[in-house]
Every structure is written in C-alpha cells, then in structure tokens.
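Can you keep this structure in mind? I'll have questions shortly.
We call the chains A, B, C, D, E and F, going by the order they appear; numbering starts again at 1 in every chain.
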Amino acid sequence: MSLTVYRKAHFNAAHRLYKEEWSNEKNALIFGKCSNPNYHGHNYDLEVGVTGEIDEETGFLIDLKILKKVIYEEVEVPFDHKNLNLEVEAFKTVNPTVENIAIEIYNRIVKRLDSRFDISVKLYETPRNFVVYTG
Amino acid sequence: MSLTVYRKAHFNAAHRLYKEEWSNEKNALIFGKCSNPNYHGHNYDLEVGVTGEIDEETGFLIDLKILKKVIYEEVEVPFDHKNLNLEVEAFKTVNPTVENIAIEIYNRIVKRLDSRFDISVKLYETPRNFVVYTG
Amino acid sequence: MSLTVYRKAHFNAAHRLYKEEWSNEKNALIFGKCSNPNYHGHNYDLEVGVTGEIDEETGFLIDLKILKKVIYEEVEVPFDHKNLNLEVEAFKTVNPTVENIAIEIYNRIVKRLDSRFDISVKLYETPRNFVVYTG
Amino acid sequence: MSLTVYRKAHFNAAHRLYKEEWSNEKNALIFGKCSNPNYHGHNYDLEVGVTGEIDEETGFLIDLKILKKVIYEEVEVPFDHKNLNLEVEAFKTVNPTVENIAIEIYNRIVKRLDSRFDISVKLYETPRNFVVYTG
Amino acid sequence: MSLTVYRKAHFNAAHRLYKEEWSNEKNALIFGKCSNPNYHGHNYDLEVGVTGEIDEETGFLIDLKILKKVIYEEVEVPFDHKNLNLEVEAFKTVNPTVENIAIEIYNRIVKRLDSRFDISVKLYETPRNFVVYTG
Amino acid sequence: MSLTVYRKAHFNAAHRLYKEEWSNEKNALIFGKCSNPNYHGHNYDLEVGVTGEIDEETGFLIDLKILKKVIYEEVEVPFDHKNLNLEVEAFKTVNPTVENIAIEIYNRIVKRLDSRFDISVKLYETPRNFVVYTG
C-alpha cells in the first residue's frame, strides 16, 4: 500500500554552471552556454511528494498548510528571485545543476518533516528538463 | 520489467471537509475554508494506471475502450456534477479529502478489472495539490 | 499600437445553474446536470488583461503588485472556497453561468483601476469551456 | 537513494493498428477506427528517464547534450513525420500500439547508454492516453 | 462590448502537404518532410469561439450542448482518425495546411449557427504551431 | 476576414529591473525583489503571430521555416542563456521589464518580415504574468 500527497511550488532564479577549480576554457567546454559568467535564469517548478499513512481522524496524510509553509520557508524565501551561486550558501561550493538543486531542496525539507514520511522532490529547470530525487 | 498504461478522465464536483463528531469550531480550525458549510468545488483530474503484461496478440496491455468504460461507470457517472458529501454513499461517513476520494476511486476500479493487473490512481484536486494511491 | 499586460489567478467554488422563476422541470431541462440542487463545483482559472500605454519611467504598463492586489480583494477573497449562489450577493438574483461570472468580475475590477485602462476578463470554468469579456 | 534525470522530445507520425494475420473484419472489430486502412496520426510526446548516480565532478547524472543527441538519432530522425507501419522496420511485423512503440524506443535508447543507467520511457499517444515502460 | 464563449475539441488525423500540379521534387522542396508520400499525422486541438450577446433569460450566450454537438458532427465525425487528403472531400483539391483546415472548419461551423454570431477558429497542428481564423 | 499564424519559441535569461538614474533605495521600493543586484531569471515563452492573406499556391500564410529562422536569429541567439541587462544592447539603457522585452522582440521581427504582414508578440515572463504587443 502506498499513498503520496504532492504539493507544487515555483521560484525564479539566476544561476551559472561553474567549477572554480577548472579553467574558463574547461568550464565552457563542459557546461557550454550554461556557464555564461554573467548568469542566465529559469522559472523552476517544484513538486514535493510526501509518502505515508492516512490519519483516520482527519483523512489527511499531512496537513497541506504545513507542507506549504515548509516549502515556503525552506525553498521560496531563500531561492526565489535570487542568484543561486552568490546568494544560497550551499551553491558557493556545489555546482547548481538541477540535480544538485533538487538534492539541496530534499535535504532542507526532510529535516523539517516527521521521519515517518518518505519525501520525493521533482524539479523542472525547463519544461523539457527535470529530475526526481527520493533521498 | 514493468509496463503501465494510463487513461485520463475528469469530473466536476462540490464537497466540504467535515467531521460530524466535531464541533463547528473544531471543523473550522482543522479544515479552514475547506469546511465551508455551503460547500465549494473542484475540477478533479484523474489518471488511472494499469500495470501488467502486454498481450502479444493485440499489442495491448488492456483495451483502452474497456478501461474508459470502467472509469465512466465507476467514477464519472456517480461523481460528475455531484455533491460528494450528499450524493456519494461512501462520503456520507468518510471525509471527502483528496486522499479519501483517491482511495474510493481505487477500490471501485480494482474490483472491475482482472486481478492480474496492478492499479494506480492519481487524482488532482487542483493543479497544485494531488495524490497518488497504489492500493 | 496596443500593449496588454495579463495576470492569472484562480478560485475554487460551488455553484448551480438555476432560475427561481422556473419550475424544477424547466431548470433540469435547460441546465441539465449543471442544475443539481445539491451544487457541483469548479476550479475557475482567471486571466485579467489590462490594455494601456507604457510608463516610460518604470517600463511598466501597470505595477503587477497593484493588479494582483485588486484581483485578490475583488475576486479571490469573495469567491474562493465559496458557494457562488448562496454567498456572492450578485448571484442571488443572477444565474452564475460562466458568462455572468466573467461579467461580474469585469465590473468589480474595472471600478478599481484607472479609467485610462481597457480591461478584459478570460474565465475558464473547465479547461474546455471558457469565455472572454471585454466590457 | 534514487536520482533520475528526464528529457522530453516529440515526433509527429502516422500509423494504423493492424494485424496481417487477421481479416479486415477482425481488425475493425478489435482496433475500431484506429484500424483505418488510410492511416491516422498523432503528436507523440516522449519523456526519457535516466536513473543513476551523480558525477561529483560535474554535478550531472548524465550530460543532457548526450541524452538529447541519442533521442534525436534513435527516435526523432527515424520516427518524425513518418508512417510508422511503412517506414519503421520494427513495425512492419509488430503492431504499432503505444505500448509497442514505447518498448521499441526503450530498446533503441538502452543500447546507446552506459549499462550503469536504468532507463524509463513515458510515451503519450494523446494527452489522455499514455504508457510508461521501464525495461 | 464583446462577449465570446469558447469550446475546445480535438481530433487525430493523418495528412500530407502536396500539390498535384507540382513535381515530386517541387513538393519536397517547398513542403519538406511534411510532403512524405506515406503521410504523417497530428493530434489537432481546436478552440471554437462564438461572439454575441448574452440571453438574459438563461445567462448563456449559446447553449454549449448545441455548440458541442455542432463541433462533433461537423469536425470530429468527419476528421477524427481519418486521412484528411483521402477521406475529406475538401482536401482532395485543397492542400491540408493548418491554415486551410482552419478555414474549412470555420466554413462548416458558420453555416450551422445563427448568423447573429461571429465565429472564430483556433487550430493547433502541434503545441508550437497554430492559426486563428475569424472568417 | 483575418487569418493569423502563430509560432512558439522560448529562451532562458537572467535580468534585473533597475533604473540607473534612481538610488538603490528607490529601485528597491519600486521594483522590489525584481531589483536584486545579483539578478534573477526566467524561462521566457514566446508566441509570434503573423496576420496576412493565404498564398493560394501553397496554402501557407507564411512558410513557418522562415518564421522559425527569424525568431531563432533575432531572439533565441541574442537572448537565450544571456544576461539581458549586460549582454543585449537595447537593455543597457532600457529597463528589461516584460513589456519592454516584448517591444524589443516585436521591433526585431517586424524589420525582417514583409511589410504586408501584421505582427503580434505574446511574451510570458512566468506562467502567470505575460504581455501582448501588436506594434
């Protein structure tokens, strides 16, 4: 038996793909136009899934008001209208690929929710490129 | 090896979140504006998944005409343009949260299809809130 | 020359199509299952368009924060999670067809914005049925 | 731990459902209007998922430029603007149901990517009918 | 004052772009892969708009059941799961470009509705290519 | 009589709203978080409409291959994966609001197409905020 509740959110941010240890030439070779030193940006679309058991009392798996608040505080406030490389601590040392952003979002949300839940994160960088991370 | 065929459908219904055993104050506290005694409503979007083996003869996992008919009879006829609390038997005693509606849909469909199939139900209450139930 | 800025919003509501002057039979004949006395509901999607001239100083036609606030106060607060027939004054006497809801929204928004703007309202009752009203 | 990267693509093609061993009557009975001898067609939407481990060096699970190139060469070039029954070798003997097309796409892609990856194929024949195949 | 009601529908069809008066080489030069002699196909998405005045009695501009029936009889029955070049009379002599298909749909619908209405047809050949025709 | 052909495209870019003549405080007051000095970004979705008469010879209003090429050269190459403020000449002096970006795109496209056509530009900054400019 498996029941999962999903909540969508979104944020708009600038980023560049870049490794400090590499030369500019190597960054351009591996990351192409995503490595533009002046940054580019995306409308990131996020779906957070919470898997667990239904509370027979309320008929909720989780109160969506709580999930919405956690996503707001852990993702929207720190990421929306930000430059991910310069303004999010984790991405000062970790390359902000869509894979790494999804892992960072997972880690932020999992520590705020009860450990009886399994969490999944689906993150769209564009409508054609996206990832799913399940911890 | 896993192959799943999906069929979408939709229905428009009114509901309210409400527990008879609770006071109006407690209903309002826990369910907020979803507990409006005059009801509100949604365009519910449904995706039913059927997992099984391909029939080498036809190249179908399941004839979609059959799946479409089952969804029509078990979900669209009883739920579309209805008040879920007042007009669907199950929700006279069970709170029609999106979780419970998905479970009810699952139970209705699974009893109509061959037991060699595994069934999943994805139900959108709004484009931003949805659940997946797999029995 | 024409420049229009659009802002989307949404609300979830219950309604029924019904004319008090008509018998139940005539209501059922004309409005079909939309006339269910127990109500049904929709996720209404709204696009408000504002046509005018660009402010050379800011590069804005209208500050979207203002438009968003007007839509919130005039549409989302009074309509979201409500029963339109019972809880919105206008629809106690006017049948809440998608046409009449769009006209009501138009009238509410136009009186809050500067008369130099032309307003349009696009309202989806379902993804397949919608109207555009331009005053 | 599970991380999956997805890439979308699409192709437009003609097909008919048809078994040579069957009479025209039996084809019409089983496949209905999908068996029209003059063909009909679809805009097929494809999502290819690649599951594996992140490369700590780049922050990529797979370089999407490579995945995009594989999908282009293995699916878009041979399938786009083609008659699947007449112009794709596999479907001269296999009925081009959406199930069989997804399996064919899976087999083409899996042989081009490193065996450390798990592959999934989601194929939409229409926005309401789709399949997922995971090998 | 302008009020327009829209109804969506869709059909799946095969076609090729082709002018009989031209050589195969010229057809291939002008129409490219759309001229494949074996046909290709699309999921066509259609939005029919009807502009007029609201009926104060019902609150409807037009009864959508009527519009839905006209679209079904004039477009879905003759076009869905068909080869447009071979099975729709108009396209035996007129090239079935998305422009010409939209004009044909307009002409079929306009003759079925009251002349007090203005009709518009929006037709998507793919999610990225579409036309609007207003007579 | 009116016939319009539309072609969609998209680009991902960074920008900030900012007027050099204003203090940082005034920029922050008027443009809010859109004025972040480190930039933020968007997936811009673009629909270009071309209104004109059908070419009876081809059945095309305009060859979409030509329109696609113009959009690619005038919008995608100069804007995609760029910082609009720093790397697009026009936005060194003009504030890159969605209104001004749409006007710039219009001006670039109109000078490349035959003057017998009327052009419209619809530009989405997010799925909820967009503009239409018709010259």
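Keep in mind that, in the parts below, a contact is a pair of C-beta atoms (placed from the backbone, for glycine too) under 8 Å apart; a residue touches a chain by one contact, two chains touch by 3 or more.
Bear in mind the structure is a predicted one, so any value in this text is a computation, not a measurement.
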- Task: Just tell me the minimum hop count from chain C to chain D, counting one hop per pair of touching chains.
- Result: 2
- Item | Neighbouring chains shared between chain A and chain C, ordered by label | B, F
- Message: Using only Cα atoms to place each chain's centre, name the chain farthest from chain B.
- Response: F
- Item | Where chain B and chain D are represented by their mean Cα positions, the distance between them in whole Å | 29
- Centroid spacing, where centroids are CA-atom means, of chain B and chain F in whole angstrom: 42
- Would you mind listing the residues of chain D that make contact with two or more other chains? 127
- Task: Go through the chains and record each pair that touches.
- Result: A-B, A-D, A-F, B-C, B-D, C-E, C-F, D-E, E-F
- Note on the structure: Touching chain B in the complex, chain C uses residues 10, 12-15, 33-34, 36, 38-43, 80-83, 86-87, 126-127
- Query: Which positions of chain E touch chain C when the two form their complex?
  - Reply: 1-9, 49, 54, 57-61, 63-65
- Contacts from chain B onto chain A in the complex sit at residues 17, 19, 30, 32, 94-100, 102-103, 127-135
